[in-house]
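Next come two complexes built around chain A: one with chain B, the other with chain C.
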Partner chain A sequence: MEIIKPLIQYLAVIILSPLLLGLINRVKAKFAGRRGQPLLQLYFDLYKLSYKTPVYSRTTTWLFRAGPVIGLSAILCALAALPFAGRPGFLAFDGDFIFLIYLLGLGRFFTVLAALDTGSSFEGMGASREVQFAVFSEPAFFLALAALSKATGKLSLSGMFLALEPASWQAAAPALLLLTAALFIILLAENSRVPVDDPNTHLELTMIHEVMVLDHSGPDLAYILYGAALKLWFFGALIASAVLPRHSGSWLYDGAAFLGMMAVIAAAIGTVESVMARLRMIKVQYLLMGALVFSILALLFQTGR
Partner chain B sequence: MSTLAELTIVFIILLNLALAVSGSMSVCIRLAAIQGVAAGLLPLLAGGGVMRGRAMAFAAFIILLKGAVFPWLMFRAREKTGARRDVDPLIGYPSSIMLCLGAFAASSWLGSRLPLPHSGVAFIVPASLATIFTGFLLITTRAKAITQVLGYLVIENGIYIFGLALFVEQPLMVELAILLDVFVAVFVMGIAIFHISREFDHIDTDQMDELTDWHQSEEGGNI
Partner chain C sequence: MGLYPLAALAFGGALLHVLNHALFKGLLFMGAGAVLHGAGTAEMEALGGLSKRMPRAAFLFVLGAAAACALPPFNGFAGEFLIYLGAFSALNGPANIVLAALLALAVLSAAGALALAVFSKAAGAVFLGEPRTQAAAGAHNCGPLMNAGMTLLAAACVVSGFAAPFLILPVSTALGAAFGLRTTLDFSGAAATPLIYLTAAFLALAAIVWVLAEKRRFFLGGRQPAAGPTWDCGYAAPSARMQYGASSFSQPLTAFFQPLLRKTLNIPVIAGYFPGKASFSSEARSVVFDHLYAPVIVRLRGLAFRFSWLQHGRLQFYILYIVAALMALLLWKL
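Let's look at the complex of A and B:
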């Protein structure tokens, strides 16, 4: 039973994560007074793309084909170490949060390489922006997890979230609040949601993530879309585990509360996207710097006490 | 109880950083006012269960002065001088925020070494030192005279929080004296800024390092 449960959790993550984007789109449609696309739209898109024949430009090399595959496998691997509703993932080990950060970095590196490999100047622009914003969001993410590790005294991600209790929210409220805020900003930036990048825009001059994947088609594009959905789940799950410290001991109840929290986070992202316009490109770094500052303050608070 | 006080401390530190990066003068005035109100609420949150009447009255007085009277005076001075909306920083905003963060790190190191009585609320000394530093930063790196008054107010907030770290209730008289000084100073500065702007058509302190008569005589070439 103890082997099957982590597998069921992992399957649930793999199956449910495209639903998050559907929820976000539904919330945005409600705000705009539209009916919106179906909740399962991303599943239909993935199915449609998976049996199309990909088109490869003659100027591209194997890097272009490797990018989407490595990006998807990196995030799939990272999700295996992520705790689900306070239960450890089956790949959890001491110090795994550093491994996760490097896996995300690897995925980003190959996406950028594939974008540069096309030789298109637009994709080069998108790649440059992606890396520029990662300069702030990666250290912010690292320091936020370091602060969490300091607050709970554990080195593995599963251990941290298992050790997190309502009492620790009382004892270390400032640090936990700051790092949750930092994680939310990082979620918006890493998944190219609105204040940083608009996922619906199709103007190459302002896009970041969408412009890097313009030349991918067929199953490759499906890998990228699915990888983006999994990445959204990854960051959402970190926030959900941080703000939901109570573990009742019942697997079903905890799992249901966790999934409910994920839906709340999706609704929060949709609300942010509906009430805010995206920032000007030169202002984005101030937002990311804010996330970095939150993480640094959380770490300082935790080390100083 | 002390959790709320610690959250207020975090809020005050974030306000410091926001003061370092915000470019609009009216936003800066409002942020300093909010910081003053948060600092005024701090003794009530940190003091524990029993609210003394004197402490309540004192906090109400501080909040009224810092939250309403000072911003009103500052906005009035800004209107009268017709100053432009931006704060004219001499260094960039990213370096301002990094200086603020460095100041907080340095003051948490310093706060752990100062032989002060334990106040029960963590980070009250580093927060006060960082606030004082932010005030100095605003005074030294912003060109307008109004922003320098604003930096002075932020320093006063920091001194007030520092006083809380030492004793929670005793220094009422000392604090009242400081507050009176600041009040008079803001009043005088309001008048002075008004006269400066009427005399020179601007309140940019950088351009006041030369004597007007001396300049004119050089240009005229008579002497």
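Let's look at the complex of A and C:
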């Protein structure tokens, strides 16, 4: 039984991820007084897109076709190393989070190249913004994990979250609060949510991630949408693991609490999107620098103790 | 001295990176040479669309760029990984070490993200999109020997990426020669397990890519994808000049680093209802080059010229210099 638990956890992640976006949309609809789209809308979209015939621009080359495949592979591989409810994934080793961050980089690199492959000025614009914001969000992410590593004394993601206990929150509440805040800002930026990007926008000039995938269609677009849902789960799971440190020992209980926390995070994202306008594009870097400062402060608090 | 193994880890990582750097940097320079040969220019703003005209070189350049950005599963990753691991391990040391580690982590991660921006710009502007000039449109493929050289290095980048654990041996031999057995043991002990896991993770990644590519083929079901123009937002006459160029791609970042780059813009003044032709240009100067390298080099050159009378081309005097130097060393050591 112990051996197949990581497998069940992994299956739960890859099956449930698209539901997060359904939850976010439902929360946003409630705020706006609408009924909203079905909770399972993304599943229907993925099914529909998978069997559509794609259209490729005559400008594109093999990179345009490889981009979605490599992007989705990178995040699927990253999820294998992600702890679930305080339990290690398949791949847990010292420094695994360095590998995870660079896997996200691999996905970004090929998404950006696929966007540039179309020769579209809009997609070039989105690609340019994507690599720009990564320059600020990646150090913030690294230092947030450094603070977590310092607080727990562990070097693997699973080790850190396993060592995190309710007592750690009592002992190092300011540092953990700051790094959770930093992780939430990074989640919003990396998953192109408000206030960094607006997933509902229809104006190419103002988009970041959505504009990079304008030309993708059919199974390629399905891969991209699914990859985005998995990436949202990835960042959400980091926050859920950080704020939910109690490990009761019961796998089912822990798992249920973890999934409940993921729903709360989805609701939080939906609430942020409903009550906030997006930032002006030139202000986004300052928001990300805020996350970087939170991470550095968390690390310094831990060092000072 | 609990910090000794960390230093060994980071230094070994740096050596490993030097080894791998030689492979992918060589590949990238050869790629630049192939572009210069094929299109007659290496000016990024004048290129574009070369992926269609020299597909092999484009593929190999993208691979080299991914390795240079230290992206898994290529060879640039292992060295940077060990340096990061050393810095993260140092976080549990005393406060001054933690500050050094914090600085190293911030700089390394920002440099990693900047490298990604730079190499996606280079690969994108040169090889992707539509050709921006006639020279790029008429570019020809490079010969088989040129391709062979790049293929060899690219293969080495992939193989040494997956075979990182085997590179511990040469690196720790070098460490042993320089710092002694203890450093060697510290390094190989700390690096071996993570690197073996990394190779396993790389294999898993490769397997996932293969499965998803097969799955995509299954979804397509043998249907022929339709061909069309790039989505142009309803504009009827897009041209290659409307693409994002290399400098427009990096504009947000160069604007942010303006204090260091001192970019000068030449912006035309538009006046009247029917303005004539206007041109815009921008030039980035490097503060470090202008205010650090250049003055130092100028001083050094001035100093060197003062001693130029020593170099007169008479061989017998040169031999005399050698003899004098040897005698001086001998006397000093006596």
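The rule we apply is simple: the second predicted complex is superposed on the first by the 305 of 305 C-alpha atoms of A that agree within 3 Å, B and C clash if a C-alpha of one lies under 4 Å from a C-alpha of the other, contacts with A are read in each partner's own complex, and residues count from 1 in each chain.
By our rule, a contact is a pair of C-beta atoms (placed from the backbone, for glycine too) under 8 Å apart; a residue touches a chain by one contact, two chains touch by 3 or more.
Predicted, not measured: the structure shown is a model, and the values here were computed from it.
By the touch criterion defined above, A:Leu63 reaches chain C but does not reach chain B.
Of the two partner chains placed by superposition, chain B and chain C are both touched by A:Ile296. Applying the stated contact rule after C-alpha superposition, one finds that A:Gly36 touches neither chain B nor chain C. Once the two complexes are laid over each other on the shared chain, residue contacts for A:Gln132 go to chain C alone; chain B is not touched. Contact with chain C, but none with chain B, is seen for A:Ala74 once the two complexes are overlaid on the shared chain. In the superposition on chain A, A:Ile98 contacts chain C only, with no contact to chain B.
In the superposition on chain A, no contact is made by A:Pro199 with either chain B or chain C.
When both complexes are overlaid on chain A, the residue A:Leu178 reaches chain B alone and has no touch with chain C. Applying the stated contact rule after C-alpha superposition, one finds that A:Pro245 touches neither chain B nor chain C. Contacts of chain A with chain B, set against its contacts with chain C after fitting on chain A, overlap at residues 285, 296, 304. The part of chain B that touches chain A in the complex is made up of residues 3, 6-7, 9-10, 13-14, 17, 21, 93-94, 97, 101, 104-105, 108, 112, 122-123, 126. If you check the complex, the residues on chain A that touch chain B are 170, 173-174, 177-178, 285-286, 289, 293, 296-297, 300-301, 304-305.
Across the complex, chain C is touched by residues 50-51, 53-63, 69-70, 72-74, 76-77, 80-81, 91, 93-96, 98-99, 101-103, 105-106, 108-109, 112-113, 116-125, 127-129, 131-132, 134-139, 141-143, 146, 149-150, 153, 155, 204, 214-215, 218-220, 222-223, 285, 292, 296, 299, 303-304 of chain A. By the touch rule above, chain C contacts chain A in their complex via residues 48-49, 51-52, 55, 58-59, 62, 65-66, 69-72, 77, 81, 84-85, 88-89, 91-92, 95, 98-99, 101-102, 105-106, 108-110, 112-114, 116-117, 119-121, 123-125, 128-130, 193-194, 197-198, 200-201, 204-205, 208-209, 212-213, 216, 219-221, 223-233, 238, 240, 242-244, 248-253, 256.
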